[in-house]
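Can you read through this structure? Questions will come right after.
Letters A, B, C and D name the chains as they come in the text, with residue numbers starting at 1 for each one.
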Amino acid sequence: MIAGLPGIGSVAWLAVNHLVKELNAELFAEIYSPAFSPKVWLTEEGTVKLVKGDFHFTQDKGSGDLVFFTASEQPYSPEGQYDLADRVLEFAEQLSVKRLITMGGLATDQITDTPKVHGGATDPALIGEVEEHGVLKLAGGSITGTNGLLFGLAKPRNIQAYCLLAETPGYLSFDANAARAVLQVICKIARVEVDMSNLEKQAKENRDAIERAKEASRAYGRTNSRKPPSDRDLSYVS
Amino acid sequence: MIAGLPGIGSVAWLAVNHLVKELNAELFAEIYSPAFSPKVWLTEEGTVKLVKGDFHFTQDKGSGDLVFFTASEQPYSPEGQYDLADRVLEFAEQLSVKRLITMGGLATDQITDTPKVHGGATDPALIGEVEEHGVLKLAGGSITGTNGLLFGLAKPRNIQAYCLLAETPGYLSFDANAARAVLQVICKIARVEVDMSNLEKQAKENRDAIERAKEASRAYGRTNSRKPPSDRDLSYVS
Amino acid sequence: MIAGLPGIGSVAWLAVNHLVKELNAELFAEIYSPAFSPKVWLTEEGTVKLVKGDFHFTQDKGSGDLVFFTASEQPYSPEGQYDLADRVLEFAEQLSVKRLITMGGLATDQITDTPKVHGGATDPALIGEVEEHGVLKLAGGSITGTNGLLFGLAKPRNIQAYCLLAETPGYLSFDANAARAVLQVICKIARVEVDMSNLEKQAKENRDAIERAKEASRAYGRTNSRKPPSDRDLSYVS
Amino acid sequence: MIAGLPGIGSVAWLAVNHLVKELNAELFAEIYSPAFSPKVWLTEEGTVKLVKGDFHFTQDKGSGDLVFFTASEQPYSPEGQYDLADRVLEFAEQLSVKRLITMGGLATDQITDTPKVHGGATDPALIGEVEEHGVLKLAGGSITGTNGLLFGLAKPRNIQAYCLLAETPGYLSFDANAARAVLQVICKIARVEVDMSNLEKQAKENRDAIERAKEASRAYGRTNSRKPPSDRDLSYVS
């Protein structure tokens, strides 16, 4: 299973969504939780979507079956983060998942063209494996949030797990560079090949959507506009 | 089921309560929750009322049976909002509810005599239906709070649902104009007719009650008044 | 059952504890809750006491058996207040309690020698009853906290309940005057007689204990004192 | 059982960890909780560790079997603290634990070479016993946090318990002096002998690790360093 929720630079979210798209993975399960924020989203067609986690899969292409997990947000409370991680891993066990890759960003306050990837694992042997793919060992420190908990809670369930953190400045909302760095390692571990050319495009689209939403909400405050709100990141409060 | 809890401009609360009154709907069930605020209300007669949600119904008048849900407040915690929405929908399922209309206000920062109504739904077909009644499609964006969750959580229970948001300035406590706009659409969908003349009166009464309560609590701080507190929105802390 | 938890002016706490002492009521049950604050108290003898609620009773002295409930604090979270009130009332039902009196303070920002008592009830008939004892009807308003919830949640359990609020300035920590005013009404309803002479002494002792604790903790900060902490309201953090 | 979680001056944490090391106690059980903070730690080898509580034991060396409990942090919420204390004591009952020693620091705002130890117990007889070992009776006051709750909740489970608080200035992060004072009493109660010479070394190592982590995170902000983060107290947010 390859799992990543939004976090610093949206590294994990960009990476997992890119894999899902490029590998044409199929949605086969959804997870709801009262630990997500109390709101719903509307599609461009006007239909409702709950905040939820999505499980996608692809069938064997030499690499065995792959399952992907992501969500549009992390639960906002600590207990909610533990609860979601636990439920995702329980489901992974039912699916007989043997290995889990989680990921995220490592804030360095520096822009770099070639972000390095740092990693830890549940077993020393797995660390040796990723070091062969150029990953630097995370020696000490802590990883906060649901991505870290998915990693740590995999251990008592006897699921082998890695956590890969790509260097990211920390102030970018969507860092395609860092997501690419993490994806290059994942592709080697999972033995899949993925075209990276749409990754920057996807990051740009997300940045633009946020920008448009900000402008739209400024417009509501200042002009006499009667246009219906149509930017996807705009929030109505009922 | 027509469901609306207090929110921006009290649009949903005004609309559902107006329907209950005008259609002489009968109270048949109540819902308590530790997620409501920890207080009780007193009636003008001095009897106690818990913070609660109320279910009313009217029998078939050409439109089929109608069930109404409202409450005096929204649960204050996100988990509480999910929990209440879930319990209301569970009960709706037991009542064999097939369609749900939720509603709210859409803050525009503008006063208008003819507030437009925007709407989303669980199915594209339903959106087409409300567009025929003059509703503008909500393309993108999010709806926060219990009204949004009632809307979104209806989907996995296979209850067809609409959410209608009337334009409201955002700074009015009771916006009868917005409530009327929403009610006009609801009446067309539910095929009922309702006299709107008391709606503004109701909004004014609520505004006045809040005004009186504010004056009364100012009076306590300044004068030697020994009058018992008698305004309904005045809060004692025991 | 006569129930009161600490609140404004400690009116309910003083009143219930006074009844327990003067009527030599016996402790027969205790209630623990994770909703109380996470600490323990030490007695003057150095033995540990959990934060808890206490149930005392007295056997029939013409008035029927009486059960008393109080606690050293109110749960700090809203859900905790609902939970405690619910568990106390569940226990009251098991004890076949038919009537419940809760109480509290009504902040007026005025000092008065003759604080009036205001009251509400679960039934209009009960209000008429307490009005005969000089209680002013609480027409409208809300009562916040566990004392209010005990009052309101009694209704769905078919326990007849009153809530009596004595006028108190709001800035006194222990208002014996207000407690006496409430006790005079309770004695009439419950048909018991209680000597009030120790009430002011009790309030003074509590005020003095708080004063000593404040001085002691100031002393720690300034002098070279090696004295063991011995004031009961001093808090250690381990 | 000898139990202590981090708190003022890390007195309890230092003391229990020192006993575990010096007595070569063996890890035999772990406790996870969603009430701990939502993060995982990495060892110097790059393997993951959940935030957890550890149970160690030593077999009879004249003192009977000894069980030790500690954790790397206290649950952050009050309910979490009650829940953890309750689960630890439930497990202690299953292990047929008869006596429990908890401990902590007592902030005095003074540095002293010879910190005194203050103590309370579940029974007056136990207080007499520790007074013979030079412990001063805690007469009144409260003890906040999980160490206090372990102490208090032992009583309804009929486990005899002591709580020993060593004087500590309050502003030291790791006070080996205070830990030694508490350990000297524990050794007398539990009839074990422990070499104290490594205690100050352990405290120094912890202080140094925090210092290095602070410098490292300052360095990230200022220099062009590409070094992987390697200090154990540095926190990544994924």
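A few notes on this one:
We take it that a residue touches a chain if its C-beta (ideal position, glycine included) is under 8 Å from a C-beta of that chain, and two chains touch if they have at least 3 such contacts.
Values in this document were obtained by computation on a predicted structure and should not be read as measured data.
Chains making contact with chain A as well as with chain D: none in this assembly. Because chain C and chain D share one sequence, their contact can be compared position by position; here under half of the interface residue numbers appear on both sides. These two copies of the sequence, chain A and chain B, are related by a rotation of 90 degrees on CA atoms, to the nearest 5. With centres taken as mean Cα positions, chain C sits 37 Å from chain B. Inter-chain spacing, taken between the CA centroids of chain B and chain D, is 52 Å.
Of all residues in chain C, none touches two or more other chains.
A ring topology is adopted by the chain contact network, closed into one cycle in which each chain touches exactly two others. All chain pairs in contact, by the document's touch criterion: A-B, A-D, B-C, C-D. Contact residues of chain D toward chain C in the complex are 7-8, 11-12, 78-79, 81-83, 86, 102-110, 116, 118-124, 127, 136-149, 151-153, 155-156, 161, 163, 165. By the touch criterion stated above, chain B contacts chain C in their complex at residues 32, 34-35, 37-50, 76-77, 220-221, 224, 226, 228-238.
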